[in-house]
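There are structures below to look over.
Next come two complexes built around chain A: one with chain B, the other with chain C.
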Partner chain A sequence: MPHVIIDGHIYEFEGKPGLLQFCLDHGIELPHFCYHPSMSVPANCRQCLVDVGAPVRDRASGEIQTHEDGNPVIRYFPKLQTSCSHVIADGQVVHTARTSKKVARAQQDTLEFLLINHPLDCPICDQAGHCPLQIQAYKYGPEGSRFEFQKVHKPKKVKLGPRVVLDAERCINCTRCTRFTDEISKSHQLTIIERSVKNYPITPPGVTFDEPYSMNVIDLCPVGALTSADFRFQARIWELASAPSIAPANAKGSNCYLWTRDNLVLRITPRHNPNVNEYWLPDEDRLVYHRFNANRPLGPQVRGAGGTLCEATWDDAFRAAADVLAKAGERTVFIASAFATVEDNWLLLQLAQSLGAEIAGYIEHIEPGHGDGWLRTDDRTPNSEGCRRLGLMPVDAVVLRARLAAGAIGALYVLEDDPIAAGLCSVEDLGDVPVVLHYYNTTNETLHAAQVVLPAAMVAETIGTFVNEDGHAQRVVPAKAIRDTNRTLMMQMGLSRADRHGTPFDRWHNEAHYVNCKPSWELLPEVARRLGVDLQHGGPRRIMRKISEKLPAFEGATYEVMGLQGVLLPERVAEEAPENA
Partner chain B sequence: MTKAGDWQSYQRVLLPPVRNLHHLDAYRAQGGYDILRTIFNDWKPEDVTQCVKKSGLRGRGGAGFPTGLKWSFMPPANPAVPRFLCCNADESEPGTFKDRQLMEFNPHLIFEGILIACFAMSMKACYLYVRGEFSSWITLLERELACAYDANLVGTGMLGTNVNMDIILHKGAGAYICGEETSLMESLEGKRAYPRIKPPFPAQQGIWGYPTTINNVETLACVPLILDRGADWFAGVGAQTHPGPILYGISGHVNRPGVYEYPTGMLITDLLEIAGSMRGGKKLKALVPGGASVPVLRADMIEGVTMDVESLRAAGSMMGTAGMLFLDEDTDMVAFLRRVARFYHHESCGQCTPCREGTGWMENLITRIDDGEGNLRDLDLLLDLCDQMEGRTVCALADAAAWPVRNTIKRFRNDFEKRCRPAVWAGVA
Partner chain C sequence: MADFIKNPVVDLPDPDPAPHFSEEELVFTANEKAEIARRIAQYPTSDGAVMWTLWLAQDKFGFLPPEVLRLVAQELERPYAQVYGVATFYTQYYKEKKGTHVLDVCTCFSCQFCGGYDILDYLERKLGIKRGQTTPCERFTLQEVECLGACGSAPMLQVSNGPYAHNLTPEKIDVLLATLENGEPLPFVSLTLPQDEDQMQGNRRSDAEAVEAYQVPPVAKLTS
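Presenting the complex of A and B:
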């Protein structure tokens, strides 16, 4: 097998790997800025320089020449090579900064150059703390600077588009952003202008950087030149904790990180998943986080004698919900939710079955023409495929309204959705049919017609599984804590949360940021218990294991298998009846 | 056979003394396009390349790469894959103005060279990339090219054969970097002129990703002469390893600056004499032998040095474009270097870090020295920056910016030190 010797260690390789990617794949750190695995290689930052030598072959025989001790004669390239553009060949010898003073010096020199015109405003820069330039300057850079002149001045706080702000002085001209718009999103909305040390990326005249994927350049930018108009100056990165999650704004289920501070989600960034979204995340998925923080309910409420919703204890609310269900019995109609997890919908199915009642299906949220065949879909819910795999179909609004009009419905139990805003029925249609509602935000219009309202945990707060439109089952873990003490949620919160947000002794700790809600997989068993139905499940992990064992459509979708990258479910067998569940 | 020694009897061939040679009629009256017809009728493409190889023609654009060898790098002709010739007329190195003369006085020689080269490499089209500032010569080239098309010397079914060839004039926007072959291609494709990484070389992936050969104007102008008069004639003109007639663009403090056609391998002192010696009878101080980027030579270094690759290398400089800049004894080398550094700072495309940042920093430092506020340590820093830039970028512009700085400081260090503030102030114990 062909091999390459990097810093004295022998590595075997196949095909024609690029040296930089090969090193990164094998845990050898090489500093770099402009290189990105999914884009072309411009080799312009000159940071990843290495010393490469190749064995000398005899011209006549083609044999590799050897020294007397049997080692091959190595001839080094006259210049240092950029590892990003260098393709490894058999027998080559590579020296990185660890074993070559020449390389170490070259990398130090490049960093000195990069920093001379960089404003070094790290104390007020959003990128500080996770800035490749900052990190590499500390690791590989020179001590201090020999530059004694005025730095180049370029435009600052330029609004390239509605979501991206440019600080051209910080730019190191790696061209990742322009290559993204040219090669990945193909919007061609960014270009480099000017020349030499004055150049920087900007939109061509008359163009606004408003493409639906514009915010990806913020993550690509190795410095703080491109910042989010939304997140700019909101938080220091070291005060944030991140949790791996799934973007809920569409049915693609792009993998993301939710970044929280003081129990508020402050931004969403993409998480690499080669099978779903690669490195990218559409802007719509990044800006949904306001829903996690704002307009959240204060607690459960029950409509009182006066006709207004009054605050209630959880116990009273569960009892009231159970009363509604007990009274309506079989005439209860359950409405599942494509916003809720597979586990929650499954529990709803169980509850409906135990009452002998019917599930009308889930509410569709289709926005025709929104999808682009890439990471945005017409479907604006994260889990409609999961619902379909559970045997649930979209609710037929005509049928539902007819049945409401005929008085055939005794009660409506709505899981994590808003039938009135979705146009399923109106307040008048509902009449005096009591509604039990699991809801996220106080903007939910069905609140006006509901008898019992139970605040449910959102995707940022719960544990569960979403299935994207391609049948990829993926887990979410909580990024935010809820006010309630829930051991299962806390266990999944991850260590990065506990130390920064877990205690009231944090200087930014604010009790009001803890929403008084519960995950639906806790609400539904509580309601069921008061109806004398046992839905105890031992946590979403066990629910999912049970689902994966019982339903062929979810075969193999256990938490252990899904991990952080999800699992592709088997092809769905068409039209599974709910009775199979 | 013309040796460099008997340059007095040299008959000009690139720019012969013929009135109105830039008109097609005058050019054809001199036997122009005859050899093209002969080649089309009687030659095989390989033989043309072989002939150019044998002549020992080396690129006149600055790098001096053997032209025939470059042509032979083209992959075998495949009718399904287009391939292009590109003629680099983006002449913008300071001190270089020879191609302009060719375009002005002998454009048909360029066209003929292009067509022969296209024939040799089985190409159907050539892009003639002309520097944007040359607008009047672009107009002239356009007019003469139209004449050539009308005379059926270019175009569909040219010269009554079934061969089609096109020459496409392209006007650059005036960036120095577009003279670099790969960035010229980027510019031609309508992109920002950032040089490409090599490999792949243009012969593998050039314009639009197709095999491309790119030659300088003067190189291509030599091609009809080689085929007309024979490879042996060409190889016998001038220096042995770097033969042929060459255009010396002489400028600076001489009495008669201008473009002079002579064989290669001329003694620098002879050329100075040809250009009418130094202005005002002053002494020569320095010489830049091949355009602003090549290392400067001190007056005492040019004795016996001839204008060819080997001799100049031995003297510590390079042939470049043979744009010779003579500087007299009153020249302020710091100011000279400041101007050169300013040029490279201004023209760096900004793609690679060392060049983008280094050229500006160098200019800053030299300006400070020129203003009398520099320190002695700045000179060492400048040399350090040269080390940090050389050989670490995609194209050779960083090298071109670093060489004059390094060599001017090295060879005129006294001039620089005199302008710097002393390292230790007098009176400070």
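Presenting the complex of A and C:
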């Protein structure tokens, strides 16, 4: 097998790998800015320079020439090579900055050039703390600057579009952003203008950088030149904790990180998953985080004698919900939710089955024409495929309204959705039919008609599984703690410095950010228990294991197998009969 | 350039400038379109024809405001952003309206030594404008440029991205301006080399319209 010697270590390779990617894959760090694995290689930052040599072959015989000691004669390239654009060949010898002073010096000098006109904005820059330029200047760069004249000043806080702000001084012209718009999103809205010290990326006159994937350039930018209009100056990066999750704004299930500070989600960034979203995340998935923070309920409520919703204890609320269900019995209609996890919907199925009642299906949220065949879909819910795989079908609004009019429905149990806002039925249609509602936000319009309302944990607060439209089952883990949970004790939760070392008595700590809600996989068994039904399950991990064993559509989808990258479920049989496993 | 070193500020281009040309004006004729198509066919992709088409557009419209760049992009079926990036990269593409004749006076190293700033200063006084400005009659624009590769005949200037004027003196400039004002064309001047003068009548180029002999360069008076 062909081999390459990097810093004295022999590595075998197959095919024609690029040297930089090969090194990164093998845990050899090489500093770089402009290289990105999914885009073309311009080799314009000159930071990944290495010294490369190849064995000398005898021209006549084609044999490799050797020294007297038997080692091959190595002839080095006359100049240092950019490892990003260098394709490895058999027998080549590579020296990185670790074994070559020449390379170390070259990388240091390149950084000195890059830093000539880079402003010292680090103390106020959003990128500080996770900035490749900062990190690499620290590790490979010169100790100081020899340039004592005034730095070039370029435009600052230029709004390129509704979501991206440019700080041109900070740009090192790696062209990642322009290559993204040219090669990946193909909107062609950005270009590098002018030349030499004056150049920077911007939109041409009369063009706004408003494509639906514009915020990806913020993650791509190796410095703080492109920042989010939304997250700009909101938090320092080291104050944030991140949790791997699934973006909930559409049915693609793009992998993301939720970043929290003081238990508020402040931003959403993409998480690499080669099978779903690669490195990218559409803007709509990033801007949903307000839902997690704003308009959250204060606690469970029950409609009192006066007809208004009154605050209740959890126990009273569960009892009231159980009363509603007990009274209606088999005439209860359950409505599942494509916003809720597979586990929650499955528990709802169990509850319905134990009552002998019917599940009408889940509420569809389709926005025709919204999808683009890439990471945005017409379906604006994260788990409709999960519902379908549980045997649930979209609710037929006409049938439901007819049955309500005929008085055939004794009670409505709605899981984590808003049937009135979705146009399924109106307050008048519901009439006197009592509604039990699991809900996320106080903007939920069904609250006006509900008898018992139970605040449910959102995707940022719960543990569970979503299935995207292509049949990828993927896990979500909590990023936000809810009332009565402790971030440190919740083993799966990402922790920031403040989480580790802070206390509830710190000045910045705000108890109101801990929403008084519970995940539906806690709510449903509690309601069931008061009906005399045992739905104890031992946690979502065990529920999922049970589902994966019982339902062929979920075969193999255990938490252990899904991990952080998810698993592709077997093809769903189209005419699968609805089964209440 | 000297100004930029003292005050290194890069301005933001106008994000939404008012158009200079109307919809009716913004068209290529059938002949021009045919020529553009011929140029595109010379390259694997139409990127290759961007620079040439920009020249064509600059000749036609005088300068390249955004609406003209859009027209070029549309004709080549290339992204407008790419065409804009190319146009801003080269100073020879005029992004704003210039005079009929653009005088690019070289003040780079060699010309500076041989009196490039003397020539620039003389032109400023003669035309009554500063470098970078256009005369009120819109006939002349005066610019300071970097090396044009004619150090042997310093100080020198270039007229509208075209012919060079070599070995400049105030008298020669007077003649040059008079020629341009009369609307007479400037000849392409080939500069002889001392070692050639015996053999080829000093002229290596057979296509040169005029020949000028090499002279020992002068020394700058201004020291600014």
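Keep in mind that, in the parts below, the second predicted complex is superposed on the first by the 560 of 581 C-alpha atoms of A that agree within 3 Å, B and C clash if a C-alpha of one lies under 4 Å from a C-alpha of the other, contacts with A are read in each partner's own complex, and residues count from 1 in each chain.
Here, contacts are C-beta pairs under 8 Å (C-beta built on N, C-alpha and C of every residue); 3 or more make two chains touch, one makes a residue touch a chain.
All values derive from a computational prediction rather than experimental measurement.
Trainee: Looking at the superposed three-chain arrangement on chain A, would you call chain B and chain C a clash or a fit?
Mentor: With chain A aligned, chain B runs into chain C, so clash.
Trainee: What is the contact status of A:203 with respect to chain B (first) and chain C (second): first, second, both, or neither?
Mentor: It touches chain C, and chain B stays clear.
Trainee: What is the contact status of A:113 with respect to chain B (first) and chain C (second): first, second, both, or neither?
Mentor: A:113 contacts chain B only, not chain C.
Trainee: Regarding the shared-chain residue A:46, is it in contact with chain B (first), chain C (second), both, or neither?
Mentor: It touches chain B, and chain C stays clear.
Trainee: Once the structures are superposed on A, label A:173 by its partner contacts, choosing first (chain B), second (chain C), both or neither.
Mentor: After superposition on chain A, A:173 lies in contact with chain B alone.
Trainee: Of the partners chain B and chain C, which touch A:80 in the superposed model: first, second, both, neither?
Mentor: first
Trainee: Just chain B (first), just chain C (second), both, or neither: which does A:191 touch?
Mentor: The answer is both, since A:191 touches chain B and chain C.
Trainee: Output check: A:149 vs chain B and chain C. Expected answer is one of first, second, both, neither. What do you get?
Mentor: Once the two structures are laid over each other on A, A:149 reaches both partners.
Trainee: I'd like to know which partner A:158 touches here: chain B for first, chain C for second, both or neither.
Mentor: A:158: touches chain C, not chain B.
Trainee: Give the stretch of chain C that clashes with chain B in the superposition, choosing among 2-10, 164-172 or 200-208.
Mentor: 200-208
Trainee: Residues on chain A in contact with chain B in one complex and with chain C in the other?
Mentor: Shared contact residues on chain A (touching chain B in one complex, chain C in the other): 149, 152, 191-192, 194-195, 197-199.
Trainee: Enumerate the contact residues on chain B facing chain A in the complex.
Mentor: The touching residues are 175, 192, 194, 197, 345-354, 356-361, 364, 368, 381, 387-388, 391-394.
Trainee: Spell out the part of chain A that touches chain B in their complex, as residue ranges.
Mentor: Contacts found on chain A: 41-47, 49, 78-80, 82, 85, 106, 109-110, 112-114, 116-117, 146-147, 149, 152, 172-173, 175, 191-192, 194-199.
Trainee: Sort out for me which residues of chain C touch chain A in the complex.
Mentor: 5, 8-17, 66, 69-70, 79-82, 84-85, 88-90
Trainee: Show which residues of chain A lie in contact with chain C when the two form their complex.
Mentor: Counting only chain A, the residues touching chain C are 149-155, 158, 168, 178, 181-182, 188-195, 197-200, 202-207.
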